[in-house]
Amino acid sequence: MAAIGRILCISGPNLNLLGKREPAIYGRETLAEIHKRLEARARSLHVAIDARQTNHEGVIVDWIGNATDEGEDGCAGLLLNAAAYTHTSMAIYDALRATSIPCVEVHLSNPDAREVYRRRSYIARACIGRVAGFGGDSYELALEGLVRWLQRDRPRS
Amino acid sequence: MAAIGRILCISGPNLNLLGKREPAIYGRETLAEIHKRLEARARSLHVAIDARQTNHEGVIVDWIGNATDEGEDGCAGLLLNAAAYTHTSMAIYDALRATSIPCVEVHLSNPDAREVYRRRSYIARACIGRVAGFGGDSYELALEGLVRWLQRDRPRS
Amino acid sequence: MAAIGRILCISGPNLNLLGKREPAIYGRETLAEIHKRLEARARSLHVAIDARQTNHEGVIVDWIGNATDEGEDGCAGLLLNAAAYTHTSMAIYDALRATSIPCVEVHLSNPDAREVYRRRSYIARACIGRVAGFGGDSYELALEGLVRWLQRDRPRS
Amino acid sequence: MAAIGRILCISGPNLNLLGKREPAIYGRETLAEIHKRLEARARSLHVAIDARQTNHEGVIVDWIGNATDEGEDGCAGLLLNAAAYTHTSMAIYDALRATSIPCVEVHLSNPDAREVYRRRSYIARACIGRVAGFGGDSYELALEGLVRWLQRDRPRS
Amino acid sequence: MAAIGRILCISGPNLNLLGKREPAIYGRETLAEIHKRLEARARSLHVAIDARQTNHEGVIVDWIGNATDEGEDGCAGLLLNAAAYTHTSMAIYDALRATSIPCVEVHLSNPDAREVYRRRSYIARACIGRVAGFGGDSYELALEGLVRWLQRDRPRS
Amino acid sequence: MAAIGRILCISGPNLNLLGKREPAIYGRETLAEIHKRLEARARSLHVAIDARQTNHEGVIVDWIGNATDEGEDGCAGLLLNAAAYTHTSMAIYDALRATSIPCVEVHLSNPDAREVYRRRSYIARACIGRVAGFGGDSYELALEGLVRWLQRDRPRS
Amino acid sequence: MAAIGRILCISGPNLNLLGKREPAIYGRETLAEIHKRLEARARSLHVAIDARQTNHEGVIVDWIGNATDEGEDGCAGLLLNAAAYTHTSMAIYDALRATSIPCVEVHLSNPDAREVYRRRSYIARACIGRVAGFGGDSYELALEGLVRWLQRDRPRS
Amino acid sequence: MAAIGRILCISGPNLNLLGKREPAIYGRETLAEIHKRLEARARSLHVAIDARQTNHEGVIVDWIGNATDEGEDGCAGLLLNAAAYTHTSMAIYDALRATSIPCVEVHLSNPDAREVYRRRSYIARACIGRVAGFGGDSYELALEGLVRWLQRDRPRS
Amino acid sequence: MAAIGRILCISGPNLNLLGKREPAIYGRETLAEIHKRLEARARSLHVAIDARQTNHEGVIVDWIGNATDEGEDGCAGLLLNAAAYTHTSMAIYDALRATSIPCVEVHLSNPDAREVYRRRSYIARACIGRVAGFGGDSYELALEGLVRWLQRDRPRS
Amino acid sequence: MAAIGRILCISGPNLNLLGKREPAIYGRETLAEIHKRLEARARSLHVAIDARQTNHEGVIVDWIGNATDEGEDGCAGLLLNAAAYTHTSMAIYDALRATSIPCVEVHLSNPDAREVYRRRSYIARACIGRVAGFGGDSYELALEGLVRWLQRDRPRS
Amino acid sequence: MAAIGRILCISGPNLNLLGKREPAIYGRETLAEIHKRLEARARSLHVAIDARQTNHEGVIVDWIGNATDEGEDGCAGLLLNAAAYTHTSMAIYDALRATSIPCVEVHLSNPDAREVYRRRSYIARACIGRVAGFGGDSYELALEGLVRWLQRDRPRS
Amino acid sequence: MAAIGRILCISGPNLNLLGKREPAIYGRETLAEIHKRLEARARSLHVAIDARQTNHEGVIVDWIGNATDEGEDGCAGLLLNAAAYTHTSMAIYDALRATSIPCVEVHLSNPDAREVYRRRSYIARACIGRVAGFGGDSYELALEGLVRWLQRDRPRS
């Protein structure tokens, strides 16, 4: 089993408020706590994790564009919870298409079970998979799925 | 009548150009002049006002997310003229849903009387009301409506 | 500041039931009480008000068609809460287009925040502005917006 | 089994022509004859019936708005054959929503088996049930369904 | 050539304002003047004309429903300018379907050349023909077309 | 009055769970109890009833296809609560079209008052009528409507 | 009253078959006979008529493009029965827009009363009016409407 | 941490062909091998698994309807890969709604990245979450997500 | 010319009723008689035929999934008249996509000439061709087309 | 078996390029070769064939309009491969409707398996059947289907 | 740099009227003048140009089909201003797809900035690029773009 | 020929990756190289160029809003390749509408030939023209078109 590089985990708009707003819906866990859990899981899977959050569509495009898959230190995969931009951002979709790094779409809730306008995902079309509905666990499960995918060396179609 | 905290007034893309561009349509009043009028009205209504403008969707999300309704100094209400983002930004909509601070939608012109694609407002669904079509007066009327609403202590549904 | 004529305020179907039905949603204030408040505000703005209600689309068309803006006694402006006819009546829309008297659309609740089929407003296309979501206050704020608009002698586009 | 008040039966546009026009489709029974049959059935169910017809949308809104469910003599339930207004009247829909009196939608023919534009029923959304396709019998069956519903004291959701 | 009965000519909402409002678009001729011209043409065609106007959808339904084609004195044909109700009234459409009297749709302007929502005509589906775009002449031409149609005794399909 | 043959009553997917699942919505009555009530009503109407349930679309198509209206013992009419298949099964619709046995559509709740995707009924187009919204009573009322319809010997169009 | 030039009357695809095919629907009158009647009417209105037929969209575009309104002999107006091209030809629509000669849309039957895809008329948007549903009489009535329109010297908007 | 009952894993149409058909797309792993892996994972999570496959919509409805969450031995949760029925079966959706057992939607590929008509999921609306795109791993990850969800005793909304 | 294996001919819902129901539309030939004719044609084309019918979508999926193209005895091609499932079954479509056996779509009538909802064929997208509108002859012609296609050894795209 | 007249076979736009362009898709057979094969088949079916090609919509309308079914020498049936005009030409559709000669729609490829905008066939609505997807064989099979149809003397509905 | 063959420039319906009709919109330059300028530019780019105009869709299909890219004298590229056929002609689209000669779409105005129905371009899907909005300059710029494209010997995808 | 001011060239999201990602599609030329070529062309056209790139929608709005057309040094025209924001940004569209500086839309590829959701361009409605599909040459050709347009001093409509 070959060594896998760093995983970049990007969380989008309003996710900085996790645990502070609407705990009845989203739970009391903050994004920092989710990141901590994710790091633990990453260690057990023998990969490094780099977890960030931004409310800016352009910053997400920057981060994906700047990620490089070259070298031991390079970025091997992406976890992306684009939140509201999932449904509206063609720019992030194009960024994902322009990179050869595989990406998994992550959601805390299950968007397909919500409002009609949350059922369209621009981003899905450029992702290898989706994990949705498990709160903070969605990140952990997506990480495991991504790492296993990378270990199989499956070519990205 | 209980004291009301600060009101945050956010104006979105292209509104920095008010009074300089297309005066035949939007009048000769600049955003700074509207802000001045709004502050006068706020004083007469015994509330403080904090008026800002940005062309960046992510900055609007930041501002709404950072606003807190805690303490005397906290933000008691929002006036939001999201301009073009009114019709396209699910991220701002989610920011409004995530906060418990009531928001009034403001427009200089009457979007429903314009192009078809200006009739859809994502933001309306998370606002208590709308004032549109009165130029700079829209801000003043919206402020009065919001302050009265807060004074009735009506719970936000 | 020139003297302004009479303002005609028209309320449409089911608004006669205000305060008697669904007080949890629409409050306990009756239409008569709203009319009383509106008259007080009109006095302070130095205009006369003529407030009426009907459940009949044809009667609203009659009233708008019969209103004349000629003479000191004429009708200077319209406040129109067309309720359900807002979304279905092309006849009221045509009546508004056929008159040169400016009209402001008024709503107690915020229709854009409700069912999809309440987002289409035929009437908006022939109105200078909209005030929505402030209960009885919507009428008062709309009156002030309309009177200010008339005082600026802004030509109706 | 508690005594049930009066049932108001409203028939809408063009139903005054029943039995005179297109007997091949609608049969030879007039609305007066249907009303007579309905009264007989009402007596056997120990309820009073008040059956009316109008071609005017506004009059239907008036009748529903004026109906009160208070007292022994009050209106306990509605039978409504809104005919063409079924598919176009948001005002009648709002009138039904504003009342707490339960309503059953009645049709002589089966609208869902006819033209596409007869498949949308605004009114259905505010009714407890529908009986359609049995000619004059639709009224009788709807009455029995409504009375049984009232006798179960089932809360209206 | 058999004698033809009376022709009923119905004009709908806002047509009472003809000649008074927007003369640049609709001309300076009033509905009374159009009716006078129509009567002259009727005389030359040896038919009687009964021309009316109302702003009420229900009244149009009443008039069509009450028209009878029996006897020398009966109504032989309909000219209908339903104005805005052309595009929204299924009740008038049903009234036309329920009668055996042939109807011609009349318009002063050419609705198909105007806004998209004026292109749908419920009423057309129950009319033998349409004359549109000739101002007051539309009524005269429609009358001639209808009378010729009646003289051919063509069965209505 | 001629003797009427057997009535076949078919209930579709998930109706076997009635009374066991979600009693708050569907009540505590089981399908077996509804069948018992239906049999009592059938006896009073002097018809035989054959009531069945299946979760399989193909079995419903089989049952309708195998029903024959020949002989005293034949099937004279159908009561069909196709549940979810109402909205998706063109195969059941074709089965109904292929038979000359009249069918009444039955629903416990009122589908038109529920989600948008429950408003389309494939089956309605091949049914003489619909009874919806009265719980178990819907079956009984539909049976009476069907039997009366059969006794009038009205030809199926 | 000024002298009016020649009127060009264009009939489109399949109209050469009139009177030979489907006489039950379109009558037994041939296009040649309609042209003869039209010429008689033209003489009584003191205008010349030039009536042609083609099955080719491009030929219709040629004819409209070649028509010139210059000189006594020029083309003063167009009668156009584009038949099926009414609903599909943007090229004919552009040809009409490019000319300053006014055009009236003519139809033997009433397209709005037929299939849904016959309700869209590209051509209507560039026509001053429409006459439809009177068989061969549609041409005559349209001619009179056009000539009157030209005699009023109303500018084409 | 309370003991969790049995997990029922249902795979729908064509999944019996896994590993035999189109190995380039779906891999060489058979459904039996995926079931074996799933059982191993279940053991490590201390739950029992009952994995089945069918091509019949009605059988899936039966299995969900027959599952009971009562007793130690009862069914605690569902894993459902409904394959093509995901997009068309309202009956399976209703079955899921009628049960109180939580369900996770599983897909081998990522349907949102495929044809448009695979983006609508009826089933999602009744599921707590979705895992898609990881081949056989989707089942394992979904199982872990479901078990963690059950261990938190989170009430199903 | 190489020997061709067995052809599997599948007929779907309601086709078991052929010849018994609606002979005016579908003719008096039963499915058994069509199968007999098909066998005769198969013999003349030197192929074996295996013709079956079912009303169950799942059974069609089973049959397609179980068909194997291996060996002399294997299934070389499919004739599929899916009837109503043509328009609704994504499961049959997936079954066809998962097999490498070529399929021809067969219809007795011409679905594109019928109701709008019969114009969408899920199945067409996975078929090499279609024969429709020739009654029982459609099967024979489809068989010849399929056999010729197989004899050309044209690779399936 | 009565003698059958001449069969007219029309091929539309771009089919003159067959065999020269994109042989990988459409094969190396030219239209002339297909016509030769078709003539051979016609001889074996004892009918005469008249095969033509044009890129002009209007010419196809001319040919269909000029075809007459009168006399021994008349045109007994049509084979029509309208190519791209299949999806856009209402004029050809009207031409087919205006003739009493039966027509079969022919396609080399399977349009329903291609782009969405190739799924709408105007022409299908006026054809007795369709053969698609068999390359040049489509013509031969369609001819046999048409001849058999004519020999049954089945009236065209 | 290899020698490039002849460039064929095709202009479609109504473009023969350029400079004569609506000079305020399209300028005073005629198509002949544009062709002259284009020839000058072609010379400076060392290519030959063959510029034509037609109002007939079928002629455009003929010209594209007859163009051959073989030999020094062959056609190396296409400039196509299909005008109104841009939005409606699937036949021209198929002609472009059938040829291996690269094509550039040319427009005098900017169709995407005009009516909604001018935003759909069938032709774009078979073109390497588009130049729009520069009047006669659009032709010159498109020619340069095409020649550079050809000089790079970029394979057409 | 008057001197022309500076041209501002703005490139949007992901264009910083040009030449590094997907060279097979977008070529090996970097944005810096395209800028260099553009500057050379600008010199030959005697204009100055200011070329920038950003991934942020708000920054594009800032740049357009800050551009002024006053003085010799002012911005005379815009070249805008908004990439993905072309299809989603109403804010950039509003920025273009608010400025009097003419803008040309630039694309490397031909968006109308790609996915359906790339065919809608918000930005086109506020641009004088478009050049698409020529890779880096698109910039050069657009610059020439813009400069020629400016030299004609054509007023912007």
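We call the chains A, B, C, D, E, F, G, H, I, J, K and L, going by the order they appear; numbering starts again at 1 in every chain.
Going forward, contacts are C-beta pairs under 8 Å (C-beta built on N, C-alpha and C of every residue); 3 or more make two chains touch, one makes a residue touch a chain.
No experiment lies behind these values; they were computed from the predicted model shown.
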| item | value |
| --- | --- |
| Reaching subunit H from subunit A through chains that touch each other, fewest steps | 1 |
| Interface copy of A-H among A-B, B-C or B-L, judged by whether over half of the contact pairs recur | B-C |
| Intercentroid distance (Cα basis), subunit J paired with subunit D, Å | 55 |
| Averaged-CA centre spacing for the pair subunit F and subunit C, given as whole angstrom | 50 |
| Overlap residues in subunit J, where contacts from two or more other chains coincide | 56-59, 88 |
| In contact (per the touch rule at the top): chain pairs | A-B, A-H, A-L, B-C, B-L, C-D, C-E, D-E, D-F, E-G, F-H, F-I, G-J, G-K, H-I, I-J, J-K, K-L |
| Residues on subunit J engaged by subunit I in the complex (per definition of touch) | 104, 110, 112-113, 119-121, 124-134, 137-138, 141, 144-145, 148-149 |
| Contact footprint of subunit G on subunit J as seen in their complex | 56-59, 61-62, 65, 88-91, 93-95, 97-100 |
| Subunit A to subunit B touching residues, read off their complex | 12-14, 16-17, 21-22, 54-59, 83-85, 87-88, 117 |
